[in-house]
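There's a structure below that I have some questions on.
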Amino acid sequence: MKRSVFSIFTVLVLAGLILSACGSSATPTQEPAAPVAPAPTDAPAEQPAQPTEPPAPVEKTVIIGFTSSLTGAQEVSSKRQVAGFNLWMNQVNEAGGIQLSDGTVVKFEAHTYDDESNKERVQELYTRLITEDDADFLISPYSSGLTAAASIIAEQNGKVMITAGAAEDDAYKTGNTSLFQLYTPGSLYLISTVDMLKTLDPEAKVAVVHENDKFSTAVVEGLKPYLESQGFEIVLEEGYASETTDFGPVINKIVASGATVLLGGGHYPDGSTFARQLYERKVGLKFISLLVAPADSKFPELGDAALGVATSSQWELAATHTPEEAAALGKEWFGPTGEEFAAAYEAVTGDKPTYHVAGGYAAGLVLQKAIQDADSIDPEKVKAALEAMDIFTFYGGIKFDTSPEAHGLQIGHAMVVAQWQKNEAGELVRKVIWPADVANADPLYPIPAP
Amino acid sequence: MQQFSLLLTSLPDGILLGFVYGLAAMGLTLIWGVMNVINLSHGPIIALGMFGTFFLFMRAGVNPYVGLIPIAVVGVLLGVLIYVIAVHRVINAPHLSSLLATFSVNMIIIGLGTAALTTSPYNVDFSAGSFKIGPVTLLGTRLIAALVTMLFTGGLYLFLYRTRPGKFIRAVANNRAAAELMGVPSTRILALSFGLGTMLAMVSGALIATFFPFSILAGGSYELKSFVIGVLGGLGNPIGALFGGLILGVIEGIIPAFLETSWVPVIEFALFVLILLVRPSGLFGAKK
Amino acid sequence: MTILLSLQGVSKRFGGLQALSNVTFDLPEGQILGLIGPNGAGKTTLFNAINGVYPPEEGRVIFRDKDVTRSKPYDHARMGMARTHQIVQPLNELTVRENVMVGACFGHENQHLGNAARIADEVLEFVGLASRVDQLAGSLNVAQKKRLEMARALAAHPYLLLLDEVLAGLNSSEIDGMIQTVLKIREQGVTIIMIEHVMKAVMNVSDRIIVLDYGQQIAEGSPEEIAKDEKVIEAYLGDPKLAEQLLEEE
Amino acid sequence: MKLWHKYIGLILPVLAVAALVAWPFVTGKPANRESAFTILKAVALASSLNILLGYTGYVSFGHIVFYGFGGYIGIYLLTAQEWSLWNAMLAGGLTSGILAFLLGKAILRLRGAYFALATIGVNEAMKAFINNFDLFGGPTGITLNFSVYKAYGGAAQALQTSFYIGAGLALLAVLLSHIVRTSKFGLGLLAIRENEDAAEVMGVVAPNAKTWAYVLSAIIPGMIGVLFFFKNGNVEPHDAFPLHASIELLVMVMLGGQGTVLGPILGAFAYQGMRGYLVTSAFFKNIQLSVSGALLLAIVLFIPAGAIGWLRHRVPMIRRALA
């Protein structure tokens, strides 16, 4: 008896959940207006009405849609990217929004879902963002794989999508027209590191050891030919599975190969593990550069294992780009300085910004600039403004490829090399060591033996 | 020659890790042996053990090896709790029911864990030094972990063969109906077995945390390893699991000397399926 | 007279136990062969050897002029051999009709579902389960499950029917009913081997009887001959008087 | 009356799928189309799995391997060999079927939990292998060029088309499930599920029947894989062989009631509907996995036969209708 009562209860609970699920998704249909009409048609419809009356300040809220990885493998970097974006949005809104020449004031609102670092629902969620939440512009999820799936939804709906954490090149070579990449493409990630190495130690024997995933493999594909063209010997090339925790065998191979320099890595979890075990095993490499992980502010949790580990960074506070630099290059400057940005971020979170934060912030900044240039929020005009954009911000140069073969690929941005070094107080700090003109420290080369 | 020196340097590591993998698998295989349940909440339980070390050591400053004691106690209690709530009702149902019941426990733990701890990686910054013997570097944490595993294996052996509850467990594993007729309180024994299995998983997690970073999701790959090890050593044979763990550790040490590291899982899982087909009772079990 | 089934020196061992040794006999078409012997004599093992569940290590099983020693149980079934199990094995979550249809569909006639349903209804009528066709097999009582076993075997319209203790656990009127059923089956031209402990029935129905003891074939002959066989009486019937009584009971 | 009776077991499932297809059109919202696609995909996969799990009684924990393998083959042919989507889908389904045939010959000898473990091993080995297989792009996977969509009327039209194809595949899976359930072959499978040894004695050629059931349960997942990765625009190893998706499929079949045509459909609705709701709900967002887990546990413990099974046991009248 008791048992069947419970069964009925369970069925009821389940039924209730399902009903409320249907109910919640059904509610928007009760809105009187037909929401089916896409956003672009709204704008022209209103414009003819305006000349009849003197332009009163009309406030328009532009909705920015994106998913983020609140859980799963991409969580750490994804959350930083979102934090950067939110900082930009709050600043713009607090400053009263963007003034257009017709008197419209544009403010922003973010709509977001958790993609669980999983491609299964990304398309569903982006479709929901566009059609239910009426998002006007999109920011990409974090990581190349998720972005590739989301970009198709952006493309089919003609929505502009600014991609931040999606460095891998392929996604921009698919013939799409709506993606705009902020990051330096994956294939160019380690080019500056190789240039630096050339000046430090042209005889270095290089081991290329990387995570076996989309992004890291793309980086390595770009790296290898460049290394060879610069006359370096690659003594080991090795991929490891993403979930690897024991790097012992890999490290033994590095030792056996006689390598003096290690280039590679992948994302945060594997990279931090790799660095720690390299240190524990006293491998004694002269130089280590890993992707992504050392760029995160959590990296010094490794203690001394972090010392000397370098990374390619999209942006570093210490080497932040300046209006003077822009002027020297003859480029237009836009947005706050790096110091202003960093101070604002620290005021909100108490943490120093990483390049993922900067990327998120810059995504907003680029959109703001494009809306200002277009003097409109019409997607086509904004897209045209993005295609014409050639500016400098604290994050660096931003210019998009407009050729049909690689539309939206970032071609204006350069990477810096950062390395964890100790300051006078013995604390670990991330120093910029390359390019020489922006560096605030000399490379620690070779890394002192543990 | 290079391969030989690679083997020489990689093997000891593999063996030391193999012990700890074996300990995790022992928990899985004990539960399988006693009640024919494949515990799909094994992975998250391992992860809980990892967080046990993290909170005791990083927050309360307890030495990780002393911390094993409270973790083991919590493990037994947690296991009994899981058994009573989720497993007992489906113990005689078809396999699918117990698989899904333990999988729902998996979802519950991961869900709560994600809400409380996020899925970010955690690190236990603990070192027990390292020893260099010729070209071979042995890490202290791994050495101690292997020793602790041996202690636990010995303890488990003594418990199963020398104590009354242990004998009851073996009786229930052998033939539950007959054991019940002889007056063995089978429900309590089943709950205790589940508790022991959970304890072993948590302790192995606690040890792993001293050398690898982890997140609430980290248990998944150790759970898969435990399946492989369980089958290598013979499902239901806790001592076999230790040898299975050693074999897996050796495989992980050897393969990279000949192939790219990324081939390791291919070979592991192919071997796993092969052994299931050829010798389902494990390498050390009687031939079927 | 055509020989339907022929066993030639069939032997089977389980570990150290010699379950069957050198069992040899010919079974002509249309006969009922009784198979008796004490518990553990190897009767069910012999069935398992005949229908391929546990193929014998030595010897040959010839069915309808084909060597089927190494064939699988389903090959035997498809050649026209059907059996019941001593411990009933109903397909619990299927209906009674579906259970019987399995027999008709996959036996040697290889019937379509439509025909199989018709045959199932006929056979269930025949064994007296017509009122339960839509019930789940798991919900039947033991006697009904025994009839279901029989119905499944019959639905295959086999040449050879192996009956493993279909009378066990039935009361005497049920036994009489079942005996009539068995005789009716024989009338349809089906050859039968039956394992049975109820002597009255075996002696009554069988054309010939084989006695197994410790896997050995200790006697073979007509019911009368068996009843008088010293070895049989010693091994199985125990008491000659008891044996005579059994024979006279009819 | 007789005819109605005969086909009611098919009509209800088809109506359920049809309602799902109609939903985005009635509400006029493309987001619902995407949600409907997610559910249709689940219906197709769960109904396929049901042939093996529900009818034959073999618990596969790695069924998603056919989805990933077929998907990879199809996407490879679509990009590198420039096949049409149709041919690529057929090829994906076919190769998945062949894989199931070969695998089935080997691992269907195992019973119970051993079979379940072997299927996990196969899935993980395949994922690791593809990760190292350069022809399929290794870890980078394969990315579709947008020009591929041009042949289908551009990206927007291609997504619409994908939805129709997905609906077609779901319907196909349901039909297949119904045909198997009501066929002689299906009766043999049910006999194997109930008692494999007894079934063999009655003449069911279990090894062949099981293998064919495995093949039939693998073909549509292979085709769905091609379609999904075509729609998603790329395929990577860890998206193609997610172990947890295999388990989710089991949960769906279990929720609705294994061994019935309608069960997996309802299960797919309930599970995907619930997950979709929990993921986007402000209240449950953070603990949605735990809530799903607790609900699943309650169902496993208290209604193990699933919704349909529960009804069948209590209301014999509708047994035929819900077959």
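Letters are used for the chains, namely A, B, C and D, taken in the order the chains are written, and counting of residues starts over at 1 for each.
Following the convention adopted for this analysis, a residue touches a chain if its C-beta (ideal position, glycine included) is under 8 Å from a C-beta of that chain, and two chains touch if they have at least 3 such contacts.
It should be emphasised that the depicted structure is a prediction, and the values quoted were computed from it without experimental measurement.
When the interfaces A-D and A-B are ranked by C-beta pairs in contact, the top one is A-D. Ranked by distance of CA centroids from chain C, the top chain is A. The most centrally placed chain, judged by C-alpha centroids, is D.
With each centre defined as the average position of its C-alpha atoms, the distance from chain B to chain C rounds to 50 Å.
Separating the CA-averaged centres of chain A and chain C is a span of 76 Å. Centre to centre, using the average C-alpha position, chain A and chain B are separated by 38 Å.
For chain A, the set of residues that touch two or more other chains comprises 212, 239, 241. In chain C, no residue reaches two or more other chains under the touch definition.
For chain D, residues touching at least two other chains, in rising order: 128, 131-132, 139. Pairs of chains that satisfy the touch definition comprise A-B, A-D, B-D, C-D. Residues of chain D touching chain A in their complex: 27-35, 37-38, 128, 131-132, 138-141, 143-147, 154-156, 158-159, 231-234, 236, 238-239, 242, 245, 269-270, 273-274, 276-277, 279-281, 285, 295, 298-299, 302-303, 307, 310. The touching residues of chain D, counted against chain B in their complex, run 53, 59, 61, 106-107, 109-110, 112-114, 116-118, 120-122, 124-125, 127-129, 131-132, 139, 247, 250-251, 254, 258, 286-294, 296-297, 300-301, 304.
Residues 51, 53, 72-74, 77-78, 82-83, 85, 89-94, 98, 101-103, 105-108, 112-113, 116, 134, 152, 156 of chain C touch chain D in their complex. Residues of chain B that touch chain D in their complex: 32, 36, 38, 40, 85-86, 89-90, 93, 95-97, 99-101, 103-108, 110-112, 114-115, 224, 227-228, 231, 235, 260, 262-263, 265-266, 268-270, 272-273, 276-277, 280. The residues of chain A lying in touch with chain B in their complex are 71-73, 75-76, 212, 238-241, 243-246, 248-250, 252-253, 255-256, 268-269, 272-273, 276, 280-282, 298, 301-303.
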